[in-house]
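Heads up, the next two complexes both have chain A, just with different partners, chain B and then chain C.
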Partner chain A sequence: MAFSRHTEDNLWTLIAAPTVWAFHFLLSYVVAAVECAPNSDIFEPIGGTRLLVAGITVIALVAIGFVLWRSIREWRYHGGGYRHNEDTDLDRERFLEFSTVLLAALSFVGVIFVAMPALTIWDCR
Partner chain B sequence: MLHDPTDPHPPPEPTRSRAGAAKAVAAALPVLASCSGPQSTFTAAGSESESILHLFYVMLAGASVIWLFVIGLSLYAVRSTPARDSARIGVRLIVWGGCVFPTVVLALLLYWGLEKMPGYRRPADGPRIAVSGERFWWRVAYDVEGEPGIVKSLPTGGVESANEIWIPVGRRTEILLGSPDVIHSFWVPALAGKTDMIPGRVNRIVLEPLVAGVYNGVCAEFCGDAHAQMGLRVVAVPEAEYAAHVAAMAEPAAVVSGRGVDAFLGNGCAACHTVRGTPAAGSVGPDLTHVASRLTLGAGLLENNRENLTAFIRATDHVKPGVQMPAFGMLPDDDIAVIANWLGELR
Partner chain C sequence: MSATHDGRDAEELRKGQEERLNKVWETPKGWRYWSVVNNTEVGIWYTATSFAFMLFAGVLGLLARVQLAVPENDFLTASFYNQVYTLHGTVMMFLFAVPIFEAVAIVILPQMLGARDLPFPRLSAFGYWCFLIGGVFVSGSIFFGAAPEGGWFMYPPLTTQERFTPGYGPDIWLLGLSFIEVASIAAAVELIVGTLKCRPPGMRLNLMPLYAWYVLVVAGMILFAFPPLIAGDILFELERLFNWPFFDPERGGDPMLWQHLFWIFGHPEVYIVFLPAIALVAMIIPTFAQRPLIGYSWIVLAAVGTGFLSFGLWVHHMYATGLPSISLGFFSAASEAVAIPTGVQVFVFIATLLAGRVVNSVPMLFVSGALAVFVIGGLTGVMVALAPFDWQAHDTYFIVAHLHYVLIGGMLFPVVAGVYYYWPLVGSRRLSDRLGKIAFWLMLIGFNVAFFPMHLSGLMGMPRRVWTYPTGLGLDLPNLISTVGAFIFAAGILIIVFDILRPKGNQPYAERNTWNAGTLEWLSEVPGKSWGVRCVPIIKTRYPLWEQPGFMEDYDKGRFYLADAEELQRETMVTSVLDGEPVQCLRVPGPTFMTMIAAILLGAVFIFATFHWWEATLVAMVLTTISILVWLWRGTSLIPEKAEKDVGLGLSLPLYKSGPQSVGWWAMFITMVGDGTAFLSLVFGYFFFFTIHEDFPPTGAPTPGLLWPLVSLALTAGAWAAAWAALKTNKAGNVAVARVLMAGGTGLALAGGAALVWAPYGAGLDPVSHVYPATVWVLVIWTVAHAAVGALMLAYCLARSFAGRLTPVYDIDIENVALYWHFMAATGLITVAAIGLSPLAA
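And then the complex of A and B:
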C-alpha cells in the first residue's frame, strides 16, 4: 500500500466523531452517577468528579477536533464545494469528507453541552 | 363581485378581520383563563416558580422573534429569484444563521438554566415535612428528622396528617419525598417544579411560598387507576399560623367517645385508619384525627362536608374510581350517618 497523507473515507471514519460524543456522554453520566446517585451528603463539593468530567471532555474534544481538522483539510484538498452527485470515486470521497465535517462539528458542540453542568453544579443537590 | 363606483350606496366596509379577531380572542379565552388559578405555573407564588416563569417569558419572547425572522425568511425565499442572490450569500446565511446563531443561543440558554438550578435546591431554613405518595393519596408528617438518600424509607414520627400541607410563607420548607408502593411525583405548579417519589429512596424538594394562599398539588407520574384523583392542597400561611396549625394537628381527636366512635371501631374502620385519642390505630389509610379541619376529602377530590363524607363511606369507589378503600354501602344508613357525623366533628 502506497503511503498517503490522505485517509480513504468510509462509514467508520464518518461516525468516528459521534462515537466519541456518545462515549463522552456515557462516561460523564457514569462519573456523575457514581458520585451523586447515593443522594446523600448532597451539599458536599464534588471537585474531583468535576475535574474528571473536565478531563474526559478535553480528551473527547481533542479526538473530535482531530477528526474535524483532518476532514476539513481533505475536503478542501479535494476541491471543497457542496455538489457531489457525480458517479466518481472523488465525489464519493468529497461527500464523505464533508459529511464528516458536519458530524464532527455537531459532536464538538454536543460534547461541550454535555459537559456544561460540571461548570455550574458544585455538589449533588 | 365588483362594485359600481357610481352606486350611491356603497356596500359596508368589510368587517371580516374584526370579526375574525373577536373569534380568535373568544377561542383563546379558555386557554387564557387557564393561565392563572391555584394550579397554574403562571400563578408563580413561590420563589422557584417565579424564576421559572421569568425564564419562560424570556424564552417565549426570544422564540417569537426567531419565529418571525424564520417565517419572514421563508416567505422571502419563496418569492425571490434564485439568480439575484449569489450562492456565497446563501452559504453564509446557512453557516451564520443556521449553525453559529443557534449554537450560541442554545449555549447561553443552557448555561443560564443550569446556573439557576443549584439555587432552587439550596438548603432550607424552615420546617422539614415528610410527604409519602401512596395509592392514591398523600401521607404527611410535620417536623420529622431525616436526610435524603437511597436504600431507605421516609423518616417515621412527626405530626401526622394527610392530603394537605401547611407551610410558612417566606421560609424555605424542606419536603422529604418517598413512596411505599409505586413511583409518584410531587408537583405544586404554583410554587415549584416537580420531583419524583421513588420507593426505597428519599428525595427532597424545597417550597418557598412568597404569597399566602391555597395552592393545588397533583401527582405528576402515572401511578394507577386513581392517579388523576390524587390531589393535595398546600396552604401557605404566616409563620405563627403555621406553628399553631401544627400544634393543633398534634392534639388528639376532639371527640373520642360516643356512638360515632363505636360504629367506627365496630365496623372495622380502625384496621386502616388512625384517630388519635381512640383505639383506632390503623396505618394503611389516611390519619383521620383532624379530618374535618381539612379543605377537601378523598385527596383533593371533594369539598369537605357531611354529605360528601357520607357518600365517600357509602360508595367510595363510585366517587373515586380505583380507590383502595372498599365501599361500605352494606352498612345500615344509620351507622354511616353516625360515623360521618362524628368524623365531621373532628376539627
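And then the complex of A and C:
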C-alpha cells in the first residue's frame, strides 16, 4: 500500500499531541503567574489574562485537533483495526496511528480540563 | 548415512559455539568477581541492595509506629523521631522505589529483548557503585545521630539555616542524594538506548513487550524530572555552604523556589515509581490469563499519557502555600485528568483477566492485592487533588494514608508479585507457594489495619510528622490499631525475606519457562547461563514463545544471529528504532575495576564536600576526572580488527558505527538533554526571581554589563565552530587541519570561560549580598564548568588522534564531542542572554 501523501509515523509524531498539551499547560501557568506574581491587588479582575488563556487554548485545541484528524484519517485509510500485532510495516504504521489517535484524544480532553479554571476564576485571590 | 554425519558435525559445531560463548561471558572468580559489569550480576546486586534499603527503612517505619502507639510516649526523643521519619521517607523513595526500577530493568530488559547485555554495561556498574556508596552514606548517618530531620522534601528555611538545623544532616541528604541522582540518570540513558537500539531483529515498535514501553517512558521521565532536583540541590548547597541567599527572603530569596523545583521532580517521581511496577503487572497478567493482553495500544496511551500529564501536577503538593487560585485550578484540573490514563490501565488489566482463564498463583494474588489497594489510594488521590478538600487534609495523617495506599498498592505489591514471578530466572527454583500465600494475607490484612485508620486520625486532625500527641482527642485507638497493623504487615515481609533466603538446595529446579509465559526472557535456561542469550532471535510476534512455532528449539540450536563468538569478544546486536532492522554488531566491554574506582572517587568528592574538607575535595575531583579519562581511553570506541563481521544467516554487519547511527552518540544526546534540563531549571530560577521582584536586578546594583558576556559568547561560538569543523575536516581526511582545530577549540573554550567569569567578577557582584548576584554567579559557574569540560573533550580528541585511536573512519569521539558542543553553544547563548540582556529589560 502506498504511504505517499501520508506521514510516516514515528515516536516523535506519537508524542506531538501531548507535547502541545504540555506547552499549553506551561503557558497558561506562566501567564497567570506573571499576572498574579507580586500578589498585591488580589481583587482586581484579570480579564486580560483569562482571554489570553482562552486564546492559547484555542490554538492548542486546533493543533491537537489537527493531529487527531490526520491520525484518524490515516489509520482508517490504512485499514483501521485495533490489534496491530503483525510483523509488517503496515501494521506498525497502523499501531502508531491508532496510538496517536488515543493520545491526541486524551490531550484534547486534558487541554479542556486545564482551561476550565480560567472560566470560573476572576481575580488573583 | 551422510545425514547422521552432518548431524554429528552440527552437534560438534554447536558445542564449540557454546564453549566459546561460555568462555567470553564467564563471570570472573574470587575477588575479581567484584569487577563484573554484566547486566545479570549487576542487576541482581542492584535489586538486592535496594531491597536491603527497603528493609532498613521499614524498620524505621516500625520505630515511628512504636513511638506513636500510645499518647505522650517517650520511646524516641523528638529529634530522633524526626530523623527516623525523614530517613524512612528518604530511603524508601530514593534508595528503594526509584532504584528498584533501574535494578529490575537492568536484569530483565536485555533478556526480554533477546540482547546479550545493555549497550553500556560499565555505565550500569558505575551507577550501581554510586548508588551503594551514596545510600550507605545517607543511611549510616542515623547511627551517629547526624541524620537529616527536615522531612523527605527538606523545605527551607527550616533546613537552610544553622539556627534551625545545626549539624550536617541536610548536607548529607543533599550531597548523598545528588550522587544517587547521577546514578539514576546514568541508568535512564542506558535503558533508553537499550530499548530503542538493542531490540532483536524484527521486533518492531508494535511488537515490543509492554514492559519495554514503560521503561522507555519512565526513563524519559527521569531525564526531565531529576535534573530540576539537581538544580535545586545546587542552589540549596550553595546556600548551606557559602551563604548564597537563594531561599532567604531577607536578601531577596524565596523558599518557594525550592518547593517548585522539588515538586517538579517529586510529582513525576511518584509516577516514575508507579509505572515500572505496573509494567511488571502488564507482563504477569497475560501469563496467568494465558492470553495476550487486551488493548496494547491503550497501555501505550496510558504509559505515554501519564508520563506527560504527571509533569503538570506538581503544585498539588503546594495548595496550602497561598498561590493564586487560578494557578491552583490548572494543577487541580491536570491532577484529575491523570486519573483517565491510570483508570485505563486498570480496566485493560481487568478485561484481560475476564477474557482469559486465570491460573491461580502467588504472583496473581499479589497483583490482585495491588490493584485493590491502589484503587483505594487512587480514590483518596482524586479527593486530595481538589484544593478545598486538600486544605482540610493537608499535612495530616490522611495524606500519610493516601501516600502509603498508592505506594504500597502501586509499587510494593507489584514488585513482590514480580519477585515471585521472576525468581525462577534468578534462582532457578520457584519460591514457596505456601509461604507466599501466608505472606500475602498477612501483608494485605496488616496493611489495611495499619493504614486505613490513618484516614480517620487524619480527618480528626492529627498532623503528620509529630513525635507524639496528647491523650483524650480520640486519637489513641486508631493509632494503637495502626501500630498493630504495621507489625502484621512487617511479619508478611519477613516471611518473604525468609522464603528468598532459605536454602533451597534439596528442592528440584523449576522447569524452563515455568509459568508457560510468552515473552523472550523465559528463554533463559535452568540453571541460567552467563551469556545472556544463546543467539539473538528473529521476532515476528508479541509473544514469540506462544506464537512462533519451533521457536525455542531454533533458539537452542543457535539457528538465529550471533550464535558464536569466533573472536572471543562480547557482542550484541544493534537494530533500527522503528522496525528493528539489524544495523551493527556491537562489541560490549567486559569486567573492569575502573567503574568501581571511579565511583569511589566521585563518592569521595561528595563526602568530603559534606564535611567542608575543601583540599581533599579538590584532590578527589582531579582523581575522579583522571579515572574517568582512563576508563574512556581504554574502553570506548575501540577500533575493531576488521570492518564487518558475519553474524550468521548470511548477514554481515559493521562492527563500528559513529554519529547518529551509534549508541554512544545517542547516549551523549540523551545525557545532554538531561543536562540541559538542569540548566533550564537554573534559568527558571533566574526568571522566577525576575517575576516576583518589582525590580530585578535591584536598582543601582552592579551588573555584569554587556561587553564581557558578549566577548565570551564570541569565543564560545568560535570553539563550537572549531569542534564542528574538526569533525568535518577529520571525516574528509584532513587530519592535520582537524588537529589544529581541536587545539584551537580547546583554547577558545577556555578563553570564553575566563571571559565569562570576568564579567561578574570585574563588576564586583557579591553573591552573598543578594539573590541577584547569586543567580548570576550560578549561571556563570554552570556555563564555565561546561566550557571547561568541552575544552577537555577537545583535548582528549586531539590526544586520541595522535595516538591513532581517532581516524577519519573511526571517529566516534569527535562525533560525540561535536554533539556536546551544540548543547554547550546553546548553554552559552542562553546564559549570556539572561545575564546580559535582562538588566536592560528591567
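Just so we're on the same page, the second predicted complex is superposed on the first by the 122 of 125 C-alpha atoms of A that agree within 3 Å, B and C clash if a C-alpha of one lies under 4 Å from a C-alpha of the other, contacts with A are read in each partner's own complex, and residues count from 1 in each chain.
One rule holds for everything that comes next: a residue touches a chain if its C-beta (ideal position, glycine included) is under 8 Å from a C-beta of that chain, and two chains touch if they have at least 3 such contacts.
Treat the numbers as computed from the prediction; the structure is a model and nothing was measured.
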- Is A:Ala33 contacted by the first partner chain B, the second partner chain C, both or neither? second
- Task: Return first, second, both or neither, reflecting whether A:Ile72 touches chain B, chain C, both chains, or no partner chain.
- Result: neither
- Message: Just checking: does A:Gly110 make contact with chain B only, chain C only, both, or neither of them? Give me first, second, both or neither.
- Response: second
- Item | Of chain C and chain B, partner touching more chain A residues | C
- Message: Between chain B and chain C, whom does A:Arg125 touch in the aligned arrangement: first, second, both, or neither?
- Response: both
- Message: Looking at A:Ile59 after the superposition, I want to know if it touches chain B, chain C, both of them or none. Which is it: first, second, both, neither?
- Response: neither
- Is A:Pro18 contacted by the first partner chain B, the second partner chain C, both or neither? second
- Message: Taking the superposition on A as described, I'd like to know which of chain B and chain C A:Phe43 touches: first, second, both or neither.
- Response: first
- Query: Is A:Asp91 contacted by the first partner chain B, the second partner chain C, both or neither?
  - Reply: second
- Check chain A for residues that touch chain B in one structure and chain C in the other, and list them. 37-39, 42, 82, 109, 113, 116-117, 120-121, 125
- Task: Enumerate the contact residues on chain A facing chain C in the complex.
- Result: 10-11, 14-15, 18-19, 21-22, 25, 28-29, 32-34, 36-39, 42, 46, 49, 82-87, 89, 91-92, 94-96, 98-99, 102-103, 106-107, 109-110, 113-118, 120-121, 124-125
- Provide the residue numbers of chain C that touch chain A in the complex, in ascending order. 202, 204-207, 292, 295-298, 300-301, 304-305, 307-309, 311-312, 322, 324-330, 332-334, 336-337, 340-341, 539-542, 577-579, 691-694
- Message: Help me check something: in the complex, which residues belonging to chain A touch chain B?
- Response: 37-40, 42-43, 82, 105, 109, 112-113, 116-117, 119-123, 125
- Query: Hey, which residues of chain B end up touching chain A in the complex?
  - Reply: 91, 99, 103, 106-107, 110-111, 114-115, 117-118, 121-123, 147-150, 201-204
